[in-house]
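Shared chain: subunit A. Partners: subunit B in the first complex, subunit C in the second.
Let's turn to the complex of A and B:
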C-alpha cells in the first residue's frame, strides 16, 4: 500500500550503496569460484562455461522458452511461500507439497477416464488440493497442538517423498505396466492431448500455458495481499499477532488458511510441471519446491521481485542443462547453482557481520579512552 | 554557560563540569528534521531534564547519543573527550545507559534473566537473583526477580527496564519517560535515590518526562526543545510549571488546561460546579450497565490468580476509575476486555449479552474499544502505516466489498490526524517512525473514532505531552457525557480522582468496593488499595 518511510528499522541509510557493492561482489566471487572449480574438474574454460550457460538460457527464442518453462513451477511455489510468510508462518515444505500435488494430479489423470477438457483441469485442481492437504497437516498440528510449523513442514517433506514413492510402486495406484520384467517406479506418460497446450512455434519460442497461469496467479497474489481486506489482515497477523487478535484476526483460520493456500500453490506447481514438462510422476526429488522457497526468500516478500528472480532461477536450470550437455558433470551444475544462490543470500549476512566488527572496534577504542581519561574528582 | 565545543578541551585539560556535551547535532528523517543543530550539555552530578512536546526530537537526540541513530551532523564529547558512538554496545562500554520509552525486555524470560541478559560472563542464577533483589531494594523498585515478564503489568515491566539499566552502573543514565506508568510515590522515591547517588558518585542523569511536577521536583537544570531545536535552557530553581509549558508550546498555555493536566486542581469538582444543572444526557445513577463482569477468574501460567472472582459494572455515560496498586489484576482485566485472554470462570456481558472471552475480535464486535497500557504489544502494528493503524480494527469503514479503499483510508487518516493533532510526515509514514506520544495519539484516535459502547482506557495518557493529556481528559469526559461507558485504568490516583464519576478499587484481582463521588477520599482509597474492603 505504501513504500516504507526511509530510515525506519534500518538506521543507517547509507547502507543502500554498500548493499549494492556487496551483491555485486558476492555474485562475482560466486562466479569466480564456480569457474575455478569447473576449470579444475573439467578442462573447459570459464568463458566457455558462461557461454554455455547463456546459450542454454537466453541465446535463442527456444532457449528463452525453455527457461520460462523451468521458471514456471518455481514461480508458482514462490507465490505461495510469499502468502505464508506474510502471515508470519514459515512454510518450508513446498517440496513435499509439490510432490504430493504431482501424485494427486497423477491419480486423477490416470485413474479417471474422460475427455482432456475435463481431466486436465481436474488434474490441476487435484494437484492443488493435494498440496493443500499436505500443508493442512502442518496447519492442523499447529492449531490443535501448537506444533511449530517450520518443523512439521520440513519433516513432512521427507514423508511426502515416501508417499509418492509408495504410489509409483503400486500398479493399482500409479505405477506403469510396461510389460517388461521389471517396471521402473514411475507412472505412465501423460497422453499428448492431455498435456497443457503450448503457445508459439514448435521450433522457435514456445511456452506452455502454465506460464500464463503463473502470471495470472502472480497478479492475483499481488492484488490479494496488497489491496484486499484479507491481505491487510494477513499482514497484521504477520507483523503483530496480538494486535491482530484483538482486531478479530483468528490465527487458526487466517494463518492456517494462508499455510494451506501456500500448500495449494506448491501442489499446483507440481500439477503444472507434471502436465507441461515432466509428463510422469516419479519418486525423485525435483527441487522446484526448495527453489521456489529460495526465490520467495530472496525477493523479501515483493511480488514484483518474485517474477524476475524466478526466471533467473529458471535460466540457471536451462543453462545448467545445456552446460551438462557439453560434458560438465551434473553435480558441477548443481554446485554452480548453489554458489549463485548463496551469493544472492549472503549480502545481508555480511552487512550484519561488518556492523558487528565495527562495533567491536569502537568498544576497544572506547576502552582505551576510558583508561586514558583521568579519574573524576568528586 | 560556557561551551566547551567552541574550544574543545584537550586530553590534558578535560572539562570535568561537562559530563556530556553534544554539539550541533542534526538528524533528518526524509524531509523531517527531528534534531536541528542541537547543542546539549549535561554536567557531572546533575539530573538534567529534557522537555518538549510530542515529536520535539527528544528521543531522537538521545538515540543519537546511544548510537541507535547516526547523526547527519554534529559531535559528541564525553567528559571532554570526543567520541563516536556507533551503536548501543559501544555506548554501554562508554558508560552510557538508556532506559527507552518503549520496552525492550524479553517477555518469555524471567525478571532476573532479563536483568542479567547481555552479561559476557557466565550467568550464575543465584547471584543474579540476589543482585536483582538488592538492586530493587536499593532503588525502591519492587519486583519479584523470579516472575516471568509476560505476566507482569506495564508498571512492573518499567521497573525491570530500570533495574536492567541501573545494574550496569552507567555514569551517564538516560531515562526516556521512565515513570509514565509508575505511581507518583514510586517515581519520587526513585528520583530521591538517584539524586543522592548522582551527587555522591558524580554521575549524570538525563530525564525525559512530560510530568512537569516530576521535572520540577527532581532535576537541577532543564533543556527545552521545540520542533527539533533547543528553545530554552534554565536552572530548575528558576522555573515553574507555566514557564516550562509555555516554552514547550511556544505560546501561553491556558492555565486551567495545564492545571488539569498537572492534577493541580480538582477537575471533578470544577466540572460539577461548572456543569451544575446543565445536566448530562445520561442520568448516570439509573443508566443501564454497559459492561458487567461477574465473578471473573483468570490464572497466570504458573497458577497464580490474576483475577480472583472480580465483579464490576460500568454504566453508560460514566467514567469508572479503576484504582489500585499496579499488578493487582488491572492488566489481566484489560486483556480480557481486549479478547486476548480467556476467563477460567465467570462472565463478561456487554449490554446484557454475554460475550465469549478469549475469542479473537469478540469484544471488538460487541462494541468494546481498548487503549492498552503497552501500545506496542497489542495497540498498533509498527511495520504498517499510520493510516493503516488508524483502521486496524475498523477495516469495514474504509472498504468497498473486499477491497480496502486507499482513498477512504487516507481520508480517514487525515481527518483523525487533524482532530488528534497526530504529527507524522504523512499518513503513509510507518507507525514505528512516529514519536512515542504520537503513537499513543494514533491508538487513542482509533479507539475513540469507532464510537464504542465501552472504552477501556489503560493509562491513556501514557507518553502524552501536557497539552495532549488535557485534551484526552476532555475527550473522555465528552464521550462519557454522550453516553459512552468508560473504564479508566490508571496507576495515578490523581488522574483517577480527577476524571472519574465512580471509583472501583482493585486488590489482588478483586474489587474491594466502589466509591461514589461523595466518598472520594485519598485515604479511604489507599486503605482499600491495601486490601481493606469498603
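Let's turn to the complex of A and C:
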C-alpha cells in the first residue's frame, strides 16, 4: 500500500478553517464599507441601522413570518438556478421567467372560472409552465442555432417585462376595470378564497403554504441532483460536456431540460408570489428573480446553504421597511446586499488562488530537486 | 416638417448615451468580456458627473468625474473577474444592484445643484434645411462621439494592442502561449468600456437633463449589449443599432403627441427581440469565439 502524497492531503482539515476565516474576513470588510457609508453620509449610526433591520426581520414572530414570506420566491428561484448551474448553463433570466410565470398564473386565475380547489393548483401549474416556456425559447435557440444561453436569457428578461406590461394594459387579458376614468396597469385582486392558505395566527407567526412547498422542493432538488442518475449526468455535463457526450448523455435533452426546468422553478416562484404575497399582476420589476439567481451562485450549488441564504435575503427585504425610522434611505439595503454578494464571491476565488500558488511551489521545488540531482546516464 | 425635426432631434439625444457606451463595450467584447455591468457604469457616470459639477462648479470637471466613476466600476469588475476568477456575470449583476442602490441612497442624502452643458451651433451646417438644427445644434458633449468612434475602431483594428486584445477574445489559450497577458488585456478593454460608458452616463444626466433622477438610465445599459449583438460585433453596426434603438424610443415618445397610436410595449421590447433575431439568423461570424468565457492558465 502506498501512502498518500502528503502535499495533497495534509491541508484537508486546514481548508475548512481557512474558508471560515476567509468568509468572516470578506463579510467583515463588506459590513465595514457599508458602515463607513452610513457614518459619512447620514446622521445615523451603523448600530441603529442593524437594530432597525433586526426589528423588521427577526424580532417578533410576525416579523419572522414576514421574512419567510419574502424569502420564499427567492428560495424557489434559487433552487431552479442551482439545477441550471449544475449543468454548466448560466440562466441569467429568472427575472423574466418569474414575470412571465406571474402573468400566466394570472391569466388562469382571472380567465378561468371554477372552485378554488381547481383554479389555485392550475394557477401554479400555469405559472410554472409559463416560466418553462420562456426559458424554452433560449433552450430552443441554443439547440437549433447554437445561440449563447447567457445572451438570450439576459435579453429575454426585458422582453418579458414588456409582455407582462402588455397583458396588464389590455382589458381582454389582465387589466382590471375599476370604473374610474383611467385604470392603473394592473390585474384585479385575487379573491380571498383563491389565495394560498396561511398557517399560524394572523397577528403572530404567520406563513403561507408556499413556504412549505418551497421546502419540499428543496428536499426534492437535493435528492435529484445528488442521489439520482439524472443528477450525476447533470454534473458530468457541467464539468465536461465532451466526456458526458462520450458517456452517452444527450446534451440537448439534458442541458435544455435543465434550462427549461430552472425556468419552471422561476415561473412557479412567480405563481407563489402572486397567490400568496402580491395578489395582483403588475408590470413592476420585483427583483426576486435576480436575487434568487445570486443566492444560488453564492451558495455554490449546495441546497443546505441555499435555504439560510435565501432567508437572509428575505430578512434584508423585510428589515428594509424599518430603516425609514432611522433616517437612513432604505436603499441602504440594496447596497448591503450587493456588498455581501461581492464579499461572498471572494473566499472560494482566493482559496483557489492560494491552492494554485501552493501547487506551483510544489512543482518548482520538485524541479529544483531534479536539477540538483546527478544526471542519469542514458 | 416640425415633427420630423423633433423626432430627429430626440433620436440624437437618445442614441448618444448608447453610442458612447457601445464604443467601450465593443472594445471589451472584442477582448472576450461579455460585460453586463454597463448599467452600473452609466448610473455611476450620470450621478457622479452631476455631483462633480455641483461640487466643482464646472461642467467639464463634472464630465471628467463621471468618466472616472464609470472607470471605477469597471476597475472593480475587471479585477474581480479578470484578476481573481469570480464569475463575470454575477459580478456584473451585483454591480448593477450596488450602483442603483448607491446612487439612490446618495441622491437622498446629498442634493446636487443643477448644471448643464452648453448648447452649441455648428456654423454653416446648422443652416441646412430640416436636418440642420437637430443634428448640428446640440449640447457640446455629443460631438465627442465624432473623434471617439474612429479612435475605438483604430485601437481595436489598427494597433498592436488591438491585435492582442482580439486574440484574447478569439483564442485566449493561443494568445497566452504567445506571451500575451490575457487577463491584463481584458482588464484594459473593460477600463476603456468604463471610461466611455461613464461619459455616456454623464452625457445623459449632465449633458441633457442637468439633473440626476432616480434610476434615470432605466435599463439603457442592456440596450447597449443588444446593440453590440445587433451590429454583429462590428463597431459601425453597433453604432447603427444605437441609432435605430434611439430612434425607436424617440418615435415611441413623439408619435402619441402628434396623434398616432403606438403600442409602447412592442416598441420597448423591439430592440431586444431584434438582437435575439439577429443573433439567431445572421450576424454570427463576428462573435468573438471566447466571448464570456473566463481565462485561467492551465484550465481549458
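The working rule: the second predicted complex is superposed on the first by the 315 of 378 C-alpha atoms of A that agree within 3 Å, B and C clash if a C-alpha of one lies under 4 Å from a C-alpha of the other, contacts with A are read in each partner's own complex, and residues count from 1 in each chain.
Just so we're on the same page, a residue touches a chain if its C-beta (ideal position, glycine included) is under 8 Å from a C-beta of that chain, and two chains touch if they have at least 3 such contacts.
If you're wondering where the values come from, they're calculated on a predicted model, not measured in any experiment.
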- Message: Looking at A:245, would you say it contacts subunit B, subunit C, both, or neither? Reply first, second, both or neither.
- Response: first
- Message: Per the contact definition in the header, classify A:236: touching subunit B only (first), subunit C only (second), both, or neither.
- Response: first
- Item | Touched partner set for A:228, first subunit B, second subunit C, both or neither | first
- Using the touch definition from the top, say if A:177 reaches subunit B (first), subunit C (second), both or neither. neither
- Spell out the residues on subunit C that touch subunit A in their complex, using ranges where they run on. 34, 36, 76, 80, 84-87, 89-91, 93-95, 97-98, 100-102, 104-106, 108-110, 219, 222, 225-226, 229, 263, 265-266, 268-269, 272-273, 275-276, 279-281, 291-292
- Spell out the part of subunit A that touches subunit B in their complex, as residue ranges. 1-9, 11-12, 227-233, 235-236, 239-240, 242-251, 355, 358-359, 362-363, 366-367, 369-370, 372-374, 376-378
- Item | Residues of subunit A defined as touching subunit C within the complex | 37, 41-42, 90, 92, 141, 145, 147-148, 150-152, 154-159, 162-163, 165-166, 169, 287, 290, 293-294, 297-298, 329, 331-335, 337-339, 341-342, 345-346, 349-350, 352-353
- Message: Considering only the defined contacts, which subunit B positions touch subunit A in the complex?
- Response: 11, 14, 16, 29-30, 44, 68-70, 78-79, 81, 83-87, 89-90, 93-95, 200-202, 338-340, 360-365, 370, 377-385, 387-388, 392-393, 395, 399, 402-404, 406, 409, 425, 428-430, 432-433
